[in-house]
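Structure record follows, encoded as structure tokens.
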Amino acid sequence: MLRETRELLSSIGVPDLDPALPVRQLSVAEQQIVEIAKAVSLDAKVISMDEPTAALADHEVSLLYRIVEALTARGIAILYVSHRLREVFDLCSTITVLKDGRQVGTYPAAELDERGLVRLMVGRELSAFFPDRAADAAPGEVALALEGAGNGFVDDISLEVRAGEIVGLAGLQGAGRTELLSAIFGADPFTRGSMRVGGEALRPRSPRHGVRAGLALITEDRKGQGLSLSLTVAQNALGVVRAVFPGRTAAARTELPSTLEELALVARGLDQEVQFLSGGNQQKVVLARWLAVAPRVVLMDEPTRGIDVGAKYGVYEVMRRLTSAGVAILMASSELPEVLGMSDRVLVMRDGRLVGALPPSASEEDVLALAAGAEGAEAAA
Amino acid sequence: MMRKRRMGLTVAALAAATMLAACSTDGSVSPSATGDASAPPPAETQASGGEWFDQAVFDEQFEQRSATFEGDPETPWLQYIDGPMTDTAEWASDEPMRVCFANASISNPWRQTGFITMQQQLAALQESGVIESMEVRDAGDDDNTQIADIDFFIAQGDCDVYIISPNSTAALTPAVDRACETGKPVIVFDRGVDTDCATTFIHPIGGYAWGIDTAEFLIDNLEPGSNIVALRILPGVDVLEHRWAAAERLLTEAGMTVDDHFTGADPTEIKSIITDALSAGEVHGVWMDAGDGAVAAIEAFEDAGAELPVMTGEDEMSFLRAWDERGMTALAPVYSNFQWRTPLLAVEMIANGEPVPTEWVLPQEPIEEDERADALAANEGMPDGHYARFGGEDLPGFPEAWQDR
Amino acid sequence: MSAVVGARPVRRRRLSTTAIVFIVLAAVLVLSAVLVTAAGKPFFTAGNLAAVLTLMSILGFVAIGQTLVIIAGSLDLSVPYVVSTASIIGAGVMAQGPAGIVPGVLAALAVSAGIGAVNGLIVTGLRVHGFIATLGVGLIISGWLGTSFQGSFGSAPPEFRVIGATLIAGVPLSTIIMLACAALAALLLHRTRLGHHLYAVGGSASVARLSGVRTKVPVVVAHALCSMLAGLAGLLLLARTSVGSPTIGSQGGYDLMSIAAVVLGGTLLAGGVGSVLGTIGGVAIFAVLDNVMSVLEVNPFLKDFIRGSVIVLAVALYAWRSVQRRPPRFRPGKEAAP
């Protein structure tokens, strides 16, 4: 059986995956390869892939590309669903656009460019992928500062984020970005080093402590950690303020409708359970719940994962609005265009440590080279 | 606000709990309603074993085993030990009576067998026009439900006579008192209650008598110092505890080495207990507080290639059959199942205005080796969960009603 | 086509699970009345109604507490033993006479709350699932009860037993106390911060934690309140039986019956969703079913069969509804404007 599996894996272009390993020990990318191999072994004629790269880092994406090419060469049709426009153009020969549950149209890929595709998806012209930085943006006081901070997952982290600044956090899957954000927030508290929030020395011991200090965390796992799916829009949106600043609940409740309107939330009502909202609208509820506590520093982990282009743009606009109001944002993201397009500075992590800082004018290759280390950079390129 | 108050309450409660923990422990040590401090605890007895023992009741049942029973031995369900009688002339009636029966449960084979007997007796009395109907409420082994059942009967107000088989003694006492207050006859059977308001309280001699019969049999058939394994179903049930309390007292006094276990009536558990005991040494005797699982115990001896023990089981068919097939030295003690007929026959006596014994003690005779063949023949074709002394051979529906259950 | 949330959310009328529970209750009542009347017996008599309500009240206390614990994402299997413990402690203290009533009630409730707090601390502090934690605590208590008490213990003075026997306008006092507790619990769930936190923690403990909720406090309080309510049930049983009993709780099977009533009332066993009102409906359904089966003299084994069927059918219905509950974007036959 092992031999057959090895042959199967070779046939889709991954000869070096050990067939004897338990699946739970594999990375997300490798698990996906196993799933694809399973489909191939069943002689599938059509394989659907729904956001196959959502959890992959960029160098893993290129492996997926190779597999997809190997499959199409064998005459297998691939139905590839993705929010990442670049992948769509890289891989697909025909593009079908759905919007609000209806088919907008089907086009040969060659007839569309990114701009045209976005227009079809959003239903209107988007001026740019990323809203412009405010012209008079001058970073303010240091809102968040770490000095030699570390715990079991990250080590020796020193960084500053100023009021009105967006600092991007790049790195490969497993580099420690999520761990760093949850350490700052107090979910997995730092055990060494120092941390200052708004000039005050403070190392949150718990999320509650962090929220009190003016921190907010938009988690990468929206459904598992960001929202109580069985609760309503209003209950979720008021969840944090009610838990930590109960005195402000009434005021937050009054403001909620206008906040949600500003975020352009599409829902049946404030009493709809959030599990029935689309990913983009769920993310808007997540934003609303943190806007309600008026945080000083917002930590964002993959803020646009799994949401459509229009909603992404909405998230970016909220980020810009927050910074112009003097909020500091530290954003971890696997999407390099997003990191480079939104950040004022980009910090790169590898193996739980910060390995460098880059200006937003840096190229994606620069970021990858730093993130992967020298040999990794070659492999990815 | 709300939360603060509730939290405060919780904290206060916790503090009080800490203080009162000692208090409640003291309470449990003081003599309980049923305990008797005068009985000296036998050596090597577990704390719980000694506390169930009541010397006065033991002595009384010891005597009753050899008492003379009034009435025809052919109809033991009508026999009783001579004593005070209740006059029932005020309830004499030519009209068929409506009976209300609050039953504890039919959750074991013994009660199921008895309930069948009762229903067949009912059929006979309906035939003869003594009883019009019997409304049954089954409490599912729950005191609270049975209290509600009795209260419902009282509120409904159309019972001519109450029959109550109490789920437990003390808890049902107030409800039985309320039934008595209606002025209608009240018949209590099986377990008793702590009130003498009932017209008649019907029961076989009791659990101590069972314990005495079985212990004497083992003592007669084994040398002092023999190893006896006692297989008990579960703790805390008074009927079963009394059987063991008496047997343990006599066996230890006779110098037997007794090793008792709770089995939950689980055949696998019984087998492993016997197997363990056999690997640790010889087992000369087996005592059981009920017949269920006796076959499993016997098989464990056979599996180990050990000599079959001297054994006491019950008049349950599976035990009688296993005893017969193997020709063991054994005794089948009896907790007279035929007592389920007696309450309805008491209704007939009440309807006739005949006096009934205030405490109606029914005979309870173990089945010995020489009676075994007769008992088996009389119950030919009955299922394993049937009880030989069910006493329904002369009732309509015999034997199908007991066979198809 | 879809409603954009503004200041005026568009509400679509849909039957809540609680409404369904009460529709089922009404159906069960009607069916019962028909069946009982067809059998030539009266159903809506004062005596029978009192019997239904009395049976409801004891299970009701336990089920209200169980609702709190289940909403918080835990479970309490120790309730029968807490019921017994409360009846024993109450009876022990009250054996001295009427002067013992108040100390007896307080002692029983305090010990009950203490047991609940221990349950909660084991669940939150040692991170043992409520199922196992309360099973263990329950077994410990049952062991203590079994070795320390034979048969009944202590007694309740007549002044206390009045509670078990009093009817106010045909409704047992115990039922009124139970409904008052239900109202308080509903208030706690829907009008207090602790209540919101119970839902949040039960829905997802990690979401609640990342929202700054103290996740342990609500669970401990829910367990303490649940045990206190079980203690109240034990005291009520004491008032009815007049003696403390080490087995009265297990006789009633209040652990599984209360969980079944809670689930029948539409509360999600996984936590985070549910209501006390629904639970009261669930308890009432069981009480009516049990009563009508008693009146019709249904065989006890068939009783369990029917009870079980009702639970399975009801929960299947709720599960089916929650699958259907995602509001459809398009409706058949109606052309939606783009």
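Labels A, B and C are assigned to the chains in the order they are written; within every chain, residues are numbered from 1.
As a working rule, contacts are C-beta pairs under 8 Å (C-beta built on N, C-alpha and C of every residue); 3 or more make two chains touch, one makes a residue touch a chain.
What you see is a predicted model; the values in this text were computed from it and never measured.
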Inset, instruction - May I ask you to sort the chain touch graph into line, ring, star, complete or other? - result: line
Legend entry - Chain occupying the most central position, where position means C-alpha average: C
Legend entry - Interchain centroid distance [CA atoms averaged], chain B/chain C, Å: 34
Legend entry - Euclidean distance of C-alpha centroids - chain A vs chain B, Å: 71
Inset, instruction - Report, in whole Å, the distance between the mean C-alpha point of chain A and the mean C-alpha point of chain C. - result: 43
Legend entry - Multi-partner residues of chain C (at least 2 other chains): 193
Inset, instruction - Among the residues of chain A, pick out those that touch two or more other chains and give their numbers. - result: none
Legend entry - Contact set on chain A toward chain C in their complex: 100-102, 185, 187, 206-208, 210-212, 217, 219, 224-231, 233, 235, 239-240, 242-244, 246, 257-258, 260-261, 264-273, 275-276, 289
Inset, instruction - Report the residues of chain C in contact with chain B in the complex, numbered from low to high. - result: 45-48, 50-51, 54-55, 58, 88-89, 92-93, 95, 106-107, 109-111, 113-114, 117, 146-155, 161, 187-188, 191-194, 221, 224-225, 228, 237, 240-243, 245-248, 251-253, 290, 294, 297, 300, 303
Inset, instruction - Give every residue of chain C touching chain A within the complex, in rising order. - result: 1-12, 193, 196-197, 199-200, 203-204, 206-214, 268, 272-273, 325-327, 329-330, 338
Legend entry - Contacting residues of chain B [partner chain C, same complex]: 2-3, 6-7, 10, 12-21, 23-24, 27-28, 32-35, 47-48, 51-52, 105-107, 135-138, 140-145, 147-149, 151-152, 154-157, 167-174, 235-236, 238, 241
